[in-house]
């Protein structure tokens, strides 16, 4: 239930603007891969190509090859809606649906698609997903309260619960903790480490400590100047990137001399 | 750090003394009185002291005096701030006075016939005193309801088109013509509906539903504008969250975007209803006039409250006062209906608005 | 394998729904086209045939009403715009929070008063109330053409109509402008505050420039309503077919909409066409004003607050 | 349904018919309809007081089955086809509503004035502008008239009242009133326009030094003008108004079922009040629908009955039509198919 | 032309919520002081008390003592408008006035007090301020273009030019580079170092590398849990904070074990 993702010669465009250039990398199943790099280098852009969310933006498109377990997810016969069901995503700012209760939020992946399920199935699924997101104990007594009544960190875990409830194979997280306090951050980091048992996890972070604490692999991107495309500079095991980088730019960045 | 080295960098300049405002006001009123009396006595044609002029001159004198005092004591920037405060508050007060007078006039004059009969009797077989607006209330509710049924789906779908799908020339054209549509005079809408119905049903046709169509022409652009604004402020994050869960676009729109905007849309629909419920001219033309109750909007004439108000006033019988009283009570009821709808919209908003 | 602008497999639901949405947008255009075609078709006879009501031709007939329409609307706009801005500023930036919500709500309610009621009130309450001030204006400022005599004995003048229209459009304009002011980015207000600006200076630097486009479009909305207002004008104005700038006399140009309402019941044949043709003129003007407004707004969009 | 709409009945009539037209007889129709419907609870009659022209137009087009009109059919209108009537048949018409038009004014301390036609014409044509003008004072030696300008109020909407009033001025003071019989007020005559009878009454009431013309039943507490006819001055009254019909003749060249009157405005007979509004009822001689014919017959008979005319008199202060006219009208009604 | 700022027993409230508790510190003139700490610990809140921008938020107020060159800026006789003139501020997101040209933006603060200035004076002042913000060369040919036509980093420097044009004595910067690319960031950092020659500079940053690169003094704040007030844990010379912190919490934070 976890996928191997392979990117080759991937170029990502916003209209005529090439935002990310020529990416080649393989993301292994059951691992956490961190994307780091200075602001504007294309981390968010790239992670959004992994579940075809990129093309939601008018004029945005992708060139090159992106396969999951060998299947090209950009082939014309592939339904992007199906891709997104198998590749869950968690955003920088927690975004539970404000009109729904906690439980409805968790089940929204099903309910929004008009899938009927019995009340007992729904209860069981909600409990499982909330437990998976380490949130069950905190909310089990108030499943019918609005999702927005939770604290920021709880909301973010609610979004993770929502994402894992549809049983995806990959989970993408774009700076999931940057809006959170340290305690919530720690909870999410612990959760990410648990999640990799079942999923392929890709995480974007600005926080190098975070990357070094939780990820197995780290990809360092950078950008030469505004208006130029972002590039993958180095992709390696996390301990190599932080203790023994091959590239000078990586070293400068992780040692804080730049960025 | 010793106090000796304390500099005085941040002290505000002297501010105006507390007694200044009331004193100045008194002086301004006095001055205005004397100026106007002098003017009045020097001018043989001015018969009486004009209160309007007194008030105007007093307010102007007060504002100028206050501004000058502030300018001398507090300096130019502060005085500009004070002047604007006076102007803005004054504009508010000035605008509120007629609106209160209007509301008061309606309530005061409408109270005369605000009784049970007014809500249970029609005007059938009533000459002179008595009777009520039952038939007109029914008509207004039905016609407005129908207009809402027509306008809300078209309006909301168009707004969805503009916000979620629209690009290019068609979207630009729709946006522009929605603006134009807001400017269609109500009488033109009435003439249009009438002409359209003549084509279908033959000349002289009168039908409640025709009124609903005419009102829809007026209502649709308001619904579109209000809904559009509401859809625009639904955060994109929610759409993305839904897409990321593998929800197709149409379900995202209907199940995430619309419910989130529902409260605002309800208010917008309410504003649109308020805009049309008081229309007279188009209904006179197409829904017609009758003294009897008619429940069927697809057959024959149907009375409505604005037409009731208008004809009661315009075609007074020999006992004029009873007609005039009915007209004002009709206006009062119309206002109350709008108010009740407003309260309902607020409840809807409250119930459906995003919780947190 | 590369895919530019990927072929999206459409689902039935998506297809149906998006077509419904597009259909509604097209329906708007169709309705408007129908209104225009109707107006045009019905007014053709007025241009083709001679008739008693318009011996000097259509344009001589419509000119005074056009003039009256524009004059009344301009007066209304001149009065309503500053007041609406004042009300909006008061509610958004001056009044205490709690109060401002209540005020906003009551103003919204007033937007719903039917126009007949405005007409009756204008004629029976406002006109007699204003008349003494007209006398005063005429006595002291009669040399200004606008305030020329003889002053009306009843107050049912162009000035009163302008004021009634201003009061009618005030609530809706104030409500719109208020919403715009409330959306001024905090960022820009704080930027001004941090530079040491007073409240008025913040408004001048951040609020008004940001709201300018919105103020213009709400003024256009108000203007649209004023141009097309029928019943209130018909009841309040002592109108006829003259062209005059005097605002305080009994002799005023009627407005197009009021003229239609007044003459339509007794009209027949080509006279009906003539009246509908004046409706077409009104429609055309509304459209022209909207175009103008869009042009004004777009002209300085580079400097607009929207980004 | 409304609380007042349920009653038991012995009448066998049922159905709905609609008419429209002159707003002047609106209050009369209201009273007639009420009484008729009380007697025949299963009948609904609508009368839309949308205006004479609109009424005739709607009748011609077949939108309504009867109409009320302040002026009789014009010849060119009669040449048209009437959609509600059997092909080729023409409508009948006869007066049912004779209402004096009062010249009302609002002048502090004065409630009655004597004026001749030329003075009235001069005032409304904008030539006499002050209340203390010689033309007025000479006819009212007992009154102390102020130096105050006159505001002459006229109808701003097209109306039969204006038409009848200006017809009187045209016929009696042609030299001063040169505009002829009109519906729309000529711009050059100035004055103040007001919408509808109630608008004129309210405008006259609101001003000082105002004068206007309106349906006499709406004059209320306002001062009214006694008009010079022959050698004396006549105030309006129902009797004085009804006499004018007797002094008038039928329009020539019309069918026997078309009782259109040429009103003798210039009569010099004493005690006749010549400024009257005569409104006609009109309908088909042969309806396409027999049920409609039955209802129209019953309703029209009721309107011209003594009781119907009395109802109108109390509702609108009108003059009942004379017995001989009633007879002629009944004959026309009886012939309706 | 630079001020000494002294905070003693300062408590900062949002309504009844105590956001920052009991701050005591002295900020020396002609220095750069960095505020660091996890998200939500009250850095922004505290920096906004220094120019009385805090009280702009409805219900927000301050208890305790805050003096600049010995004068209590919260004394009732003090005009907050005057305080803000002498304490300039730069925000996280660049916020030039969108309806003004570049030049008008620079002069906007100055114009408030000196309505009428000759064109040559205005030109001279604009040039001086833009040079001070290291922006002159980039914009000198397009002073009449809208301020929003610049890139993010240029806009941020435009905001700094606007702030220094009124010749304040203190400059506050709340995460001035967090929305910027690395090149713009470097430009702003260089500028900050230049600015301390003339001003007292206080800067909030999330980026510890940045703090260590440019600041003379560093204050580390933290928060025990959401809902509790933020506290000043340690305030010392920057090299001490990063190499030799006295507190365990500071050490954990700067070494990346937490936050």
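All chains are identified by letter, namely A, B, C, D and E, in their written order; residue positions are counted from 1 within each chain.
Going forward, a contact is a pair of C-beta atoms (placed from the backbone, for glycine too) under 8 Å apart; a residue touches a chain by one contact, two chains touch by 3 or more.
Protein names from UniProt, one per chain: A, B, C, E = Unannotated protein.
Computed from a predicted model, the values in this text were never measured in an experiment.
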Apart from subunit E, which chains still form joined groups through touching
one piece
Chain pair, most C-beta pairs within the contact cut-off
B-C
Chain whose average C-alpha position is farthest from subunit C's own:
A
Using C-alpha centroids, which chain lies at the maximum separation from subunit E?
D
CA centre of subunit D versus CA centre of subunit E: separation in Å?
83
Just the number, please: Cα centre separation of subunit B and subunit D in whole Å.
39
Centroid from C-alpha atoms only, then distance subunit A to subunit C, rounded to Å. What do you get?
51
Residues of subunit E whose C-beta touches two or more other chains:
81-83, 112
Multi-partner residues of subunit C (each touching 2 or more other chains):
11, 124, 198, 201, 261, 264
Find every residue in subunit D that makes contact with two or more other chains and list them.
23, 50, 195, 199
Touching subunit C in the complex: which residues of subunit D?
23, 50-54, 56-57, 149, 151, 153, 156-159, 183-185, 187, 190-195, 199, 202-203, 206-210
The subunit D residues in contact with subunit B across the complex are 1-5, 16, 18, 23, 26-27, 30-31, 33-35, 37-38, 44, 46, 48-50, 58, 61-64, 83, 195-199, 217-218, 220, 314-317
Touch list for subunit E against partner subunit C, complex
51, 53, 56, 58, 81-85, 88-89, 91, 93, 95-100, 108-109, 112, 146, 148-149, 159, 162-163, 166
Residues of subunit C touching subunit B in their complex?
11, 13-14, 16-18, 20-29, 31-32, 34-35, 38-39, 42, 82-87, 89-91, 94-95, 107-118, 120-121, 124-126, 130, 132-133, 135-136, 139-140, 163, 167, 170-171, 174, 179, 198-201, 203, 220-221, 224-225, 227-231, 256-257, 260-261, 264, 276, 279, 282-283, 286-287, 289-291, 293-294
In the complex, subunit E touches subunit B at residues 4, 6, 67-71, 73, 77-79, 81-83, 86, 112-113, 115
